[in-house]
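Structure provided below as structure tokens; questions to follow.
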Amino acid sequence: MNVLKTNKRKIINDPVFGFINLQSELIFDLIEHPYFQRLRRIKQLGLSFLVFPGATHTRFEHAIGSLHLMGLAIDVLRLKGVDITNEEADAVSVAILLHDIGHGPFSHSLESTLVTGINHETLSLLLMEELNREFNGELDLAIRIFKDEYPKRFLHQLVSSQLDMDRLDYLRRDSFFSGVVEGTIGSDRIIKMLNVDADRLVVDKKGIYSIEQFLIARRLMYWQVYLHKTVLSAEFLLINVLKRAKELVTRGVDIYGPPQLQWLLNHYLTAEDLKNGDHKSSMIKNFVSLDDSDIISSMKVWCNHSDPVLSYLANSVINRKLFKIKIMDHSFPKKKFKYYRTIASEKYSVAEEDLDYFVFQGVITNNAYESEYENILILFNSGKIADISEASDIDLTALSKTVKKHYLCYPKEWDTK
Amino acid sequence: MNVLKTNKRKIINDPVFGFINLQSELIFDLIEHPYFQRLRRIKQLGLSFLVFPGATHTRFEHAIGSLHLMGLAIDVLRLKGVDITNEEADAVSVAILLHDIGHGPFSHSLESTLVTGINHETLSLLLMEELNREFNGELDLAIRIFKDEYPKRFLHQLVSSQLDMDRLDYLRRDSFFSGVVEGTIGSDRIIKMLNVDADRLVVDKKGIYSIEQFLIARRLMYWQVYLHKTVLSAEFLLINVLKRAKELVTRGVDIYGPPQLQWLLNHYLTAEDLKNGDHKSSMIKNFVSLDDSDIISSMKVWCNHSDPVLSYLANSVINRKLFKIKIMDHSFPKKKFKYYRTIASEKYSVAEEDLDYFVFQGVITNNAYESEYENILILFNSGKIADISEASDIDLTALSKTVKKHYLCYPKEWDTK
Amino acid sequence: MNVLKTNKRKIINDPVFGFINLQSELIFDLIEHPYFQRLRRIKQLGLSFLVFPGATHTRFEHAIGSLHLMGLAIDVLRLKGVDITNEEADAVSVAILLHDIGHGPFSHSLESTLVTGINHETLSLLLMEELNREFNGELDLAIRIFKDEYPKRFLHQLVSSQLDMDRLDYLRRDSFFSGVVEGTIGSDRIIKMLNVDADRLVVDKKGIYSIEQFLIARRLMYWQVYLHKTVLSAEFLLINVLKRAKELVTRGVDIYGPPQLQWLLNHYLTAEDLKNGDHKSSMIKNFVSLDDSDIISSMKVWCNHSDPVLSYLANSVINRKLFKIKIMDHSFPKKKFKYYRTIASEKYSVAEEDLDYFVFQGVITNNAYESEYENILILFNSGKIADISEASDIDLTALSKTVKKHYLCYPKEWDTK
Amino acid sequence: MNVLKTNKRKIINDPVFGFINLQSELIFDLIEHPYFQRLRRIKQLGLSFLVFPGATHTRFEHAIGSLHLMGLAIDVLRLKGVDITNEEADAVSVAILLHDIGHGPFSHSLESTLVTGINHETLSLLLMEELNREFNGELDLAIRIFKDEYPKRFLHQLVSSQLDMDRLDYLRRDSFFSGVVEGTIGSDRIIKMLNVDADRLVVDKKGIYSIEQFLIARRLMYWQVYLHKTVLSAEFLLINVLKRAKELVTRGVDIYGPPQLQWLLNHYLTAEDLKNGDHKSSMIKNFVSLDDSDIISSMKVWCNHSDPVLSYLANSVINRKLFKIKIMDHSFPKKKFKYYRTIASEKYSVAEEDLDYFVFQGVITNNAYESEYENILILFNSGKIADISEASDIDLTALSKTVKKHYLCYPKEWDTK
């Protein structure tokens, strides 16, 4: 690793991990780049702060924290004799630092409205390639690792797998800031147990219990925080706000907002379109200018828009007059849904075509462990390798089973009891 | 205290203090009010997150935390036999909850630009009176306490003094989120030591060391966090951005921004003006619509404004290309200041009248203990009362002495070495 | 609850929960009693500090912490409308405070040697009855609750069940002091979810994920801390030390030790014997005089005893020259066991009858959830009640399945590789 | 630094600092040595656990923690260009690891009774030299550094000065385990600020506020924890117990205790005597066999001794019936002292010659900063060096002024009001 010039030797104060040292000049320069600074203005957990007031931490901190854990993991693996060159160490550090660079504000809501058809991984890659051009190819190896095109596959797995540094950081961090202390995981212990076998990331056998705890804590965080019903209600409302805004723009109605938001409301690009150079550069330019503040600031203005649907919805989010959300294991009886629809149209005169904005249902799913995707492998003393779901004496198949819940939303004030 | 209806019994998850219970229906309703929900969108420490990435916590959390400490203080005082009626307990709780309700986004910067001549205490009172009207006088007693017009003066001191619940909360909270752990104070122990003598808030003698530690920790937090040189540089830049925006608006130049920001840029109200009912209601309406997002979102658009001064400054804040700031105990030699002015005009062609935006100096001051204002009194076993600065065997006069430092700012890229 | 005289109003500083207030004079007086003060000299986790150096916390702290949680649980249940009289609240608090009063030093090792046939629950009850006499019957109700003879069974369950305050405290506390942070449980959240149905303790439905996390964290703590192989090795050695000491005493050999230890080494009482008043009072007198210090101090002297077996074993514990312990899922092949036996007798001249002290094997078991004993019940919104193992969508049967592991121990220096 | 053999690569779980890695084989072997393992049985804070129940942590953990901080300090200094060879790094690590190896149980009490005239630094050195012989001179450099005979004096200062790793660890650790959270210091930040100038340890200028906070936190810990009046009362009683035991032994009275305690009660060695080889080896042999357990276990037996003074005093410590202690800034009026003496002899028939055991007075002193001893130096950007007491704008002379308090002790039950 390069020796840093004094003015680029930097220590970052992190409430979760304490002092974090930056390891190389490239890392320092990437952090200074506007694309990365933008992450300071994007909350890690979107609207969750409406339920967990402390959860205002940003994707910036998360990226730095993941970088820190990557440094620890590299040290552990090297101590165990795994060969990682300095170039690889730098590259995998860059890859984790930038793994979320393509996240927009309120990611989940945004992805189903403003940038439909383009997920954040695609955008991350797009921005990494853009940065690679600016940095004269210094990110080549990082990108190969990110795209899983590098032979030492475990490097990719440190960046993206079910036990990647991304997850280890976000679980600890989200637990810390939300105040849900029991979501804490033993990131230190898990990292100490990492190993590599046949270029795959594996976990030493005595780490089994830590992995189980990690999976259960993750599941807890999902249902307790990420999929908290009030958080979901807020996110669904935000989706409806943006959908309505887009609909109005399409109809030619004028709505307030900064140019980049206007552009995104006006364009329906797909991943395919990004192959066109002009589209791509417009997309990037506008996308990297957007952050949480634009959505919030614009929504506040929309609270007074002449379109009653937009103003009603915007006001619901801004002033936290969230919709009632009911969650069930099975789908709602049709007549229940219809009942609220009828109230909407008859009592509140909502137009037929706008009903979906006020009374809507759907399905949320979650599985704590995806047995099909980059699964967690346990390395036994004998050299045998097994999936955690076999290695554990708890039946973890339940964790890999997708849990599916049904929801129904409508304005709280319409509740009849 | 009233028994709460089930749907108003509420527990808030706070990463600093754990679960916080809301004590009354009025408290619950005030928290739900848009004026208070607005605080969710105003960071407690303004631009400090540019240096301490975790410091994105908001005035909302701080107000709730202060409320929590007030509950503890009331319990302790009652146990010591201090008479506090339920009405007084409710009122002092409301007063602390709303003590910062008049804070705008990036308070310090805003107060010296957008709302010149009107400080946040004036605005807090204005908004409390507004809320009092809405709540049919239920805030009467809270307001009397807030204004220090209530005979039991210690209630006011719990809300505003050098040992109020405001400070106890913000020091712990800012220490927690900034990651400056050694700024932690013993809020629990200090509260246990509180007492009342002749209607004044006092501290039992054995609390002396805790108070000393509190004063020193506060001082540390000031120099380490609140007045961190990079934080200052960012705040000064933000002031210049807003000043420039105001100047342009005055000149009739069009600039982007939501209506409430436009209004504030266009009006120069003073505290005096607020006696006029119309001005007052316009002021309130616009002020409560403004939050961090408007400033950030607008500044991003201003990065591309045709006015080179505005765009340069806005870009400096948004992309964290902060100005160099030099800090000295004595004032800077005139020729140093002049030197950078000359560079500005000669090398970078800055117009004479715009020089103050690029090269500026000033003074920052701080005193950890203000011996003249609501000073901290120690109660000895003998019944004697003494100021902490006498009671302590450390010479705390230094703490009450105003520390004054001089700063000089200019663009980092102009630095000659 | 009684108002406390000033000198009995007491706050205890607990690193885990902060300040803990004592609620009644009886509680204060019980804590002052020599039987309870004795717990200050008994480590909660026995010899675990040989592996986790921070784990030197005592049964005293644990009892106080459990008392604190009981106070929270009572508050929550009362808020939910569960009827708990002041007398019941006091009694259940006393019961939890004293639930471990019958623990001796290094409990597990002691129970299989010095006080064979008398478990710590029996002794706890014995001591509580003794205290009841001293306190003129003030513990009557506490004892009924402890013995599960009181109609409101949930009170007993708060003291002893799979979700009692005992477990909630010890898991958090052991996690804190051992430094195994991921063993942390959400004691606060779990307590908020407690409820009562038909006099049974139940958990509100939305607490399911917290309970799962609690069970998994408990399992982790078992395998990571309580049954850590080095800890086990130390405990087995201690058992052997005490067995040998007892054997020597029986043979008339003189060994050093305080009178109470001598007495216990000399007597073989059973639970049955305690019905005899004289035996009982001798037993109590000697038992309550014994603590960790006697075992440690005596063992150090035994390191120089003329009996080579005693001195070898004592030295192994004191100077942490612990035996090698091998752990397998299946029983060890007989020839492996025999191999080390042969080494013992042939190479190290261990006498045939002493072989068990040097080479020994056995079985350890653990189940995180005992589906047969005071199981954890979930209360659904519909009013339905179900066992957690049914209510959860994870298959928790694995948790209630007893995990069985085999171990084999022998001196590390005999290892052949 | 040497690469460790696998079985000597060791990670220690520390609740304060997380995982601690051992850096060399010598360190590993020293930790395994009985002299060092003994520290597991010696509480860091003596009898403080009678007031702060969590404060049962040991000198073992403290030594390991100091070692950990030394590693961080070495890294920081090397990064700043300070030349530290691997041999020096190893040696200074050994020196800090063993700096407290000469502490006996309940150090302060012991030093004024059992090992009068020999302080723990002398004993530490004695034991280090003993170990050096065993390890064939491998500790030579460590000892030179410890004795301050090595030219690079800053290495000694890292081990022993007012900003040594010893203090940085014990303040954080004692704060953690006592639960006095506000005693926390910024050990990480202070270490980052360390530097070396002319072979002296100095602190970079921007560390001034951290140093002030460190000094004040230290002062707080002194008065709040180390010199807590109840802790003092317990320690004075323990001194009296040991004095009485020694007196009885001198008189030929038989008292219970392990051989090493008997030996120490029977011998009055001075530092001078240790020059005699036989005395020295006897002293060492007995001293290293003594720990907390011997004192506690013996005192329990002494509770039933026929000497009423010994049994009364021993019982006071064991069952926490501590003496009343009064503390004043000025000396107590003679008649007050006499009053309790009269009660003692007239009402409780205490013999004239035993009065000092029951009614005694004295002085305790403390200064947070010793301006004469290895003082803390601040390095200004200009290269100027100044003592912290000059560099700070707080008048720290008060901190270096010795605070002196007078105490008076007597049995609580004799109190007349």
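Letters A, B, C and D mark the chains as written, and numbering starts fresh at 1 in each.
In the analysis below, a residue touches a chain if its C-beta (ideal position, glycine included) is under 8 Å from a C-beta of that chain, and two chains touch if they have at least 3 such contacts.
Computed from a predicted structure; not experimentally measured.
Engineer: What are the chains that chain C and chain D both touch?
Structural biologist: Per touch definition, common to chain C and chain D: A, B.
Engineer: Count the touching C-beta pairs: is A-D or A-B ahead?
Structural biologist: Of A-D and A-B, more C-beta pairs in contact link A-B.
Engineer: Please identify which chain has its centre, taken as the mean of its CA atoms, farthest from the centre of chain D.
Structural biologist: Measuring from the centre of chain D, the most distant chain centre belongs to A.
Engineer: Report the inter-chain centroid distance for chain A and chain C in whole angstrom, where each centroid is the mean of the CA atoms.
Structural biologist: Taking the mean C-alpha position of each chain, the two centres sit 43 Å apart.
Engineer: So, what's the distance in Å between the C-alpha centres of chain D and chain A?
Structural biologist: Chain A and chain D have C-alpha centres separated by 50 Å.
Engineer: Using the average of all C-alpha atoms in each chain as its centre, how far is it in Å between chain A and chain B?
Structural biologist: Using C-alpha averages as centres, the distance is 32 Å.
Engineer: So which bits of chain B are touching at least two other chains?
Structural biologist: Each of 18, 180, 189 in chain B touches at least two other chains.
Engineer: Show which residues of chain B lie in contact with chain A when the two form their complex.
Structural biologist: Residues of chain B touching chain A: 12-16, 18, 32, 34, 37, 40-41, 43, 49-54, 56-58, 60-61, 64, 176-180, 256, 258-259, 289, 291-294, 296-298, 300-301, 318-320.
Engineer: Mind listing the chain B positions that touch chain C in their complex?
Structural biologist: My answer: residues 9, 11, 18-19, 79, 188-189, 192.
Engineer: What part of chain C is in contact with chain A in the complex they form?
Structural biologist: Residues in contact with chain A: 180-186, 189, 209-210, 212-214, 216-217, 219-220, 223-224, 393-395, 397-399, 401, 403.
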